[in-house]
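These notes are about the structure you will find just below.
As written, the chains take the letters A, B, C, D, E and F, and residue 1 is the first residue of each chain.
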Amino acid sequence: MTLLLIALLPWCVALVASRLRSGEIAFWLAFACCVTLVATLGAIAPGVWAGGAMRISAEWLPGLGAAATLRLDALAWLFAMLVAAIGALVMLYARYYLAGDRQLPRFFALMCGFMGAMLGVVLAGDLILLALCWELTSVASFLLIAFNAPERGALRGARAALTVTGLGGVALIAAVLMLGRAAGSFDLAEVLASGAAVRADPRYPWILACFLIAVFSKSAQFPFQFWLARAMAAPTPVSAYLHSATLVKAGIFLLLRFYPVLAGSEAWFFTVSAVGAVTLLLGGVAAVFQHDLKGLLAYSTVSHLGLITLLIGFSADTAIVAAVFHVINHATFKASLFMAAGIVDHECGTRDLRKVNGLWRFMPLTGSLAIVAAAAMAGVPLLNGFLSKEMFFDESLALEGHDPIALLAPLAALVAGAAGVAYSSRFVHDVFFNGEPVGLTRTPHEPPLWMAVPVGILVAICLLVGLMPEPVVGVALAAAARAALGGALPAYSLAVWHGFNLPLAMSTFALVAGVAVYAAHGRGRRLHRRPTPVAIGYEAFECLLLALARCGQTLTRQLRGDHMRLQMAALALVAVVAAGVPLLLGPVAVTLPAISAGAVSGGEIIWLVGAVFALGAVSGKVRPVTVLLFLGAVGLSVSMAFAALSAPDLALTQLFVEVATVLLLMLALERMPVEPLRQRSLGAHIRYIALALAGGGGCGWLAWEAMQRKPTTISDFHLLHAVDGAGGTNAVNVIIVDFRGFDTLGEVTVLAAAALIVWSFLARERSGAITRFRGSFMLPLAVRVLMPSAALVAVHLYLRGHNLPGGGFVAGLLLAIGLVLEALALGSWRSPHAKPVRWLAGGLGLALATSGASLAFGFPFLTSTFGHPVLPLLGELPLASAAAFDLGVLAVVVGATLMLILAFAFGREERSG
Amino acid sequence: MSVELMLAAAIAVLVACALYCLMRGRLFDVIVGITLLSYGVNLFLFAMGRPAANRAPIVPAHGSVVPAEYVDPLPQALVLTAIVIGFAMTGLMVALVIKRVQSKGEG
Amino acid sequence: MPLQHLVIAPIALPLLAATLCLAAPRASRAISLCSALATLAVSVFLVATAASGDALVYLLGNWRAPFGIALLSDRLGAWAVLATAWVLCGVLLFSIGAGRDKGAYFHPLYQVLWMGVNGAFLTADVFNLFVFFEVMLVGSYGIALQGAGMAEARATLRYVAINLAGSALFLIAAGLLYGVCGTLSMADLALRLPALQGADRALALSGAGLLAVVFLLKAAALPLSAWLPQTYGGVSPASAASFTLLTKLGAYGMLRVVSLWGGTLFDANWIAVVMACGAGTVLLAGAGALASLSLARVAAWGVLGSSGLLLIVFCSGSPQALAGGLFYLPPSAMCASALFLVADLHRRNRLADGKLWLLIAAVGVAGLPPLAPFLAKLQALDGLFAAPDLHGLAWLILAASLLTLTGLARVALRLAGAGGEPANKVEHLALAWLCGGALAMSTLAAPIQRYTAVAASELAAPQAYIRQVLDAVPVGGR
Amino acid sequence: MTEAVLPFVTLAYLVAMGLCGLRLLSGPQAEDRVLALDTLYIMALALIAVLSIGSGHPINFEGVLAIAMVGFVGTIAAARFLTRSRGANDAGLD
Amino acid sequence: MPAWIDALVAGLLVVGAFAALVGAWGLVKLPEFMMRLHAPTKASTLGAGCALAALTLRFAGVEGVGSLRYLIPLIFVFITAPVSAHMLARAWRARNPVKIEAGSGGSSGKS
Amino acid sequence: MRVSLPWWAGLWCFWMLLQGSPSLGSALLGVLVAWLIARWLAPEASGGARLRVLPLLRLLGRVAWDIVASNLAMISMVLLRSNRLRPRWVEVSLDLPDDPRRVVLAAIVSLTPGTLSVDLDAESRCLLVHALDCGDEDALASTIKSRYESLLLEVFA
């Protein structure tokens, strides 16, 4: 329950705060949340320190074998406490720092959200949950860095942070998934217990690589260190919180957490310590040369994180203790330094070290606090930084075996120590002394009291820990280190004084050397005249992103533009390959046609005619109207083929559709100026022709081969049961309205929808009158005779359709063509088809009603019935419910065809003559 | 000359012409290509129904039916559906092309 | 009336609504909303029924399965139908709130789109699948042309043309399968295809290959992806929002085909080619997202990416990855739709108080926690990592999601300062519906994962599907 | 007797259609092509009628009727187009 | 089927086929459009008419009076053929203006 | 709208013809169908003009005969002397009082081979005819007037 409270409270507060208007209430909520967390953590501390890990679990992702498990041991407790306690101070600080900002509620909501994510990382008892919270910290930090969003630096900084930490997230996901497989479970406790199995797994190198990428990217280790400097665009409270105490420590936390599982191999030792060392030196040196106050602190953070990483890399139990200790120390002094920098920024309006000078006169209180904190950072004795740095020197000296590193580590430690002293000196000297301020717009003065209080508290902790480490942090440190090690603690001592020994000498040397280096470089403001140093790695990162984006643009540009023909060609090519490969590779023996000298049985030559005109239509030398006429000829020959090959229904439909299509295209052609053909290279020509031939030939071959096959088909059933099952003799019509009536329902829906689209799409043009075929004195009279006859024939075709060629489709098409012709010839709108949409609605409604009527009798949709009632006078009357369905089809076809064709018939009046 | 050979040849020619038109990159040709393609495809579907002359799938109202004596009615029904859908799509396509061409003229 | 009949409702209800909208245009908003809610309710019922283990078979016209058309609402079909209902409800709500439904025949066409998608997910017949693809497409054309500016017309023209060519391929494929096997029912085909020998088998493989090409086209997989970013980026974002499920149809079709016929018809190379297409798509989508400068474009690439991901996991043969893919399908569509809707708000300069939705939708599309796509992707990746030869694909998916994340971050940051009017309540409700759906799925992950795991195992052993379809007895034993 | 002449009659109609096709292909003017297509329709009508005599089942009679009723619609539309456009947008091609 | 009907059918078929052939021939052979317009509109009416008459006669024995329906298409051909001819002539004249001298009944102008 | 009786009757006849096998059922159905179509689509009865059967039959017979005869003439023209044809444009001034009858005349002119009606001048009531082979324009015009126009005037008395 307590765990649930700790994990969920920040989220709830974030949710509430985001809906608030008042920054004040939001602050109090956030602050109360932090205080509650600190109190809760304090209350459960004794139990946790005693070694009792708390754990709750709920079922969550059975598919992954993962659960929603929270687990709190001493290591997690320590980090949670850091998150909560520093959070409380930062909230307090931010209230004054950001006073008056309209976005304050959002700020506190985001901070609480981040805190929730961070606590999730710390408390996660399941690898999947851990990865999830890890990603959430990335998102939350992205949002916090982007808090001042339209500002350019914020945008770039946020994006860089998200990209780098996103990379880490991706790597962590991969690592976690493989780790879970290797350990056999995603549960943290089980994973921690199966270190040997994991290290023996063949996937171990992969796991380690991904894991380290995740850790290094989050903790700004080389080569990912650049994002942290960029992230300084965030408001200072964010930097104080995320970039000193929490977010960047998530990586360290992960290193410590999985130390028992992953450490203990050569790979771990070399990679982690090498990266840590490089980062340590790089950050330390770079920090000295920054002109941005926060930049200096950022690089110092990088350097200190490198130090901790290096310590963990040493893979010695005492080094782990030192690492944990330094985590605490760094969090305290760095947070206070960031806050002090924020005060400077706040009061001076700039944090450029070249402008900010001699502030001691204006703000002695802030100055003294900052000087103490900086001294802690530099490792001055009697402050906490000194203690952990001493342990670090000790560890670097204690290294054995690994020769190059054992030799280099103390050296690196020494250089880094000196660099730390140098940038700390610069921080103190360049801000509070070093002459007069340059070009400040206002006179700085002390900040409000409550802004300095958090700094004071943190500095006091630095002092307290530095003076009496064992009583203040001893228990927590021991418990956390024990949890991190997963076993017994090594012997170590937390004391201010260890006597005169080598580490003390190194410390002294570092202090002296550091001050000397700064004095040498910074004399007479020589440092100020150096150009702003390039952010190492950031430019490479930008270049990489740019190159990737260019690559993407090039890729997508290939897809853009007027390349419909390329798309068509791609589709044709893929289809040819997909259908061709099985045929060419398969055991298809080409069945050669047996050419017999049989009599010409009819329509066959018609197909040749069709083929010739298809070729003619392709010719680029004829005008568009001719192409349409050729199409008409092709359509006619197809229709003839249907007629000759026992498909009277098809012949009829094809004929009517052909006429309707030609009519439509002819009407449309007037408004469709056709551009001349573009010249293409011979090569392209040949390619397209080859592809077309392959596609066409392939289709022909497929058809040929398939026609050789005579499988037993389901249509035998349709033929056998057309009469007794569906009450009709025309098997095609019976299939359409009964056996596969559902297809027909969909098909008329398509027709109706297409008609609606065209009708509404050309609505603007429809405002004009319909253009009639004026000038022909014969047409109107002919149409007056034809139209009623066509209607009569349509009725005839509809009524006989179930038994003989005909049916709703053809009847509807005929009626519609008649109506269109009439509208064009007479230029009149008759009332029945003035609203063709009603035909659609009526038709669809009738079809639906007929289909659905069977539901009332407990039969499925579309079940039909038929009968042959014998009526007086009329005799036997064949009735089928499917006929009503067919009538609906008819109505839809009429309406849709009318709309499809007439939509193109509006516009200018015909020129007379 | 068998029905099958003629059908296959017709399908080949129609589809080849259609593909060539489609790949020519002119909007008008796309309409022509789609129309030709639908002819070819309809014939293809139709060809799957063991086509032959004088075997229309219209069964006697009374008496027994021997399915082998008729052409396969199912592909015909499918072609019918395809024809109607093709008509609807042609209309749609033409409307879009008109709009496109007009937009070119305006801009 | 037995509950069995509710299987037809997801298809018949939208059609009925479309008809009523045509008949009573004034009431079309109310009709459309009622139908949407009813369809949603029915979809929930179908999923609940499928979850209890009963796949519902529906014999249309009361004809036995291979002879008539059968619908089947199994776990997969019902799941997809529910996802559709959720997304389309949200988009409909938004369209109403934004006043986009004032365009001509918006509601009927929207319902037709819905009907088409549902029909395609439920049908167990190859040719009927073609018909419903067409229904879905024609509806989508109508929605794409809403507002009918020149840009929309241009984008839609390409979309229509390429889909017409795709439809022709579908017809050839269906014809070929019928010509070789003599049947159109997918279940019956699954029985007849293994019996084929020699040349017959090669022909059937050609037909199935063409069918696969059609599905790849619908899924916008790599050699055929060009249309998707053009179309989705070209039409109004609110229209694109209703299309996010359409690409899933391609992946769905591929899944059905591979599941039902895969064991007997396709060899490993065939599957590998399809997966390679999916992999290329994923990578292309990542690159495209990185290169694009507008929210709608990024969303379009996101849709492409999820489509590629689904292709990979559906063909991977790993039940774990497949289950992950099924889990991934609905929330990824919801998030992409929401992102499109946010883009629409931005385009109309109403993003003042919609940043939260921008954040949530972007997080969902990027595959970040806490939305369900993250968990689903994790499960899919877990499945891929479990098989040694699929590691590469997992890495590729991870790399692509990083690219997407970066591109999305850039575009989303540009909108951070966007202001304008606040959106209205209905628009907020719609976005809350979509984002909340994705969020709810991650909290309800346990039952969902159990459901999808069973669905995946069903798909791995298709005999149950085949028997259910072919053994269904008509009412009255006709 | 009918059986005896039928092949020749069929052939004659086919040849006639072929001639129409020739004109349709060769033009030279669009009107010529329209005329040829119109004639092609009538020939098709007659041919279907002849084939029905041959087969003994007038199953395609409705096709004949359809051509007779709507076959001229294409001609009308083309003639209208030619009248209105006067070849304005595609002069030079026929 | 009585032999005389058979003969009549055959005769009609031959006449129709011949007329159709001649019409098509004229379509190809005649030198200018207005002349070509005559050939098919005439010959094809006879061609179609004879074929339909043959059809009617052929099925008269089977269907009795009912086979008269096979003449229906002929009516439509007779209604539509003049219309299309007229429309075509009109379209051609729109592009190829012909000067026709005034005066009723006897003016001529060669195009 | 009133239903025009001639249309109704005509459509019913057409229906019966179309049905092939006449039965009582189809006849009754035809009544209904013809009535509906006449009511919906047929133009209203134009008052006055009455059809006279005998002249109509004479006209039909004459036209049928002319079609056959001039078709034969046409065949010879096309086959034998296609190079020596004398195409002419001929204007025929009409006495027919109303448009329908003029249209019928124009149709007859077109149907009979050798001549083609091309245009009708609304004001001067002149029918523009194109003749394929014509030696004497006036003779042609008068033939048309005497053979068809007079009979037409009789038919619609």
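Of note:
Everything below uses one rule, namely that a contact is a pair of C-beta atoms (placed from the backbone, for glycine too) under 8 Å apart; a residue touches a chain by one contact, two chains touch by 3 or more.
Please read all numbers here as calculations on a predicted model, not as lab measurements.
Each step here moves to a touching chain, and the least such steps from chain E to chain F number 1. Nearest to the common centre of all protein CA atoms is the CA centroid of chain C. Taking the CA centroid of chain B as reference, the farthest chain centroid is that of A.
A count of C-beta contacts for the chain pairs B-C and A-C puts A-C on top.
Look at the CA centroids: the one farthest from the centroid of chain D belongs to A. Centre to centre, using the average C-alpha position, chain A and chain E are separated by 70 Å.
Between chain D and chain F the centroid-to-centroid distance comes to 23 Å (mean Cα coordinates, whole Å). The distance from the centre of chain A to the centre of chain F, each centre being the mean of the chain's C-alpha atoms, comes to 74 Å. Per-chain CA centroids place chain C at a distance of 62 Å from chain F. The multi-chain contact residues of chain B, meaning those touching 2 or more other chains, are 22, 27, 30, 40, 42, 44, 47-48, 53-54, 56, 58, 74, 78, 81, 85, 88-89, 92, 96-97, 99. Annotation for chain C: residues 127, 131, 134, 138, 141, 148, 161, 165, 172, 175-176, 178-179, 184 touch two or more other chains. Chain contacts: chain D has residues 17-18, 34, 47, 59, 65, 67, 69, 71, 76, 78, 80, 82-83, 87 touching two or more partner chains.
Pairwise, the chains that touch each other are A-B, A-C, A-D, A-E, A-F, B-C, B-D, D-E, E-F.
Touching chain E in their complex are the following residues of chain F: 14, 17-22, 67-68, 70-71, 74-75, 78-79, 82, 85, 87-93, 106-107, 109-114, 116-119, 124, 126, 128, 130, 132, 134, 137-138, 141-142.
Taken together, the chain D residues at the contact with chain B in this complex read 55, 57, 59. If you check the complex, the residues on chain A that touch chain E are 773, 775-776, 778-779, 782, 785-786, 789, 913. Contact residues of chain A toward chain B in the complex are 562-565, 568-569, 572, 593-596, 598, 601-602, 604, 607-608, 610-611, 614-615, 617-618, 620, 624, 627, 631, 634-635, 638, 641-642, 644-650, 653-654, 657, 660-661, 664-665, 668, 671-675, 677-678, 688-689, 691-693, 695-697, 699-704, 706-708, 710, 713-716, 718-720, 722-723, 729-732, 734-736, 740, 743-744, 747-748, 750-751, 753-755, 757-758, 761-762, 803-805, 809, 893, 896-897, 900-901, 903-904. The touching residues of chain D, counted against chain A in their complex, run 7, 10-11, 14, 17-18, 21, 24-25, 27, 30, 33-34, 37, 40-41, 44, 47-48, 51, 54, 59-60, 62-63, 65-67, 69-71, 73-74, 76-78, 80-85, 87, 89-90, 93-94.
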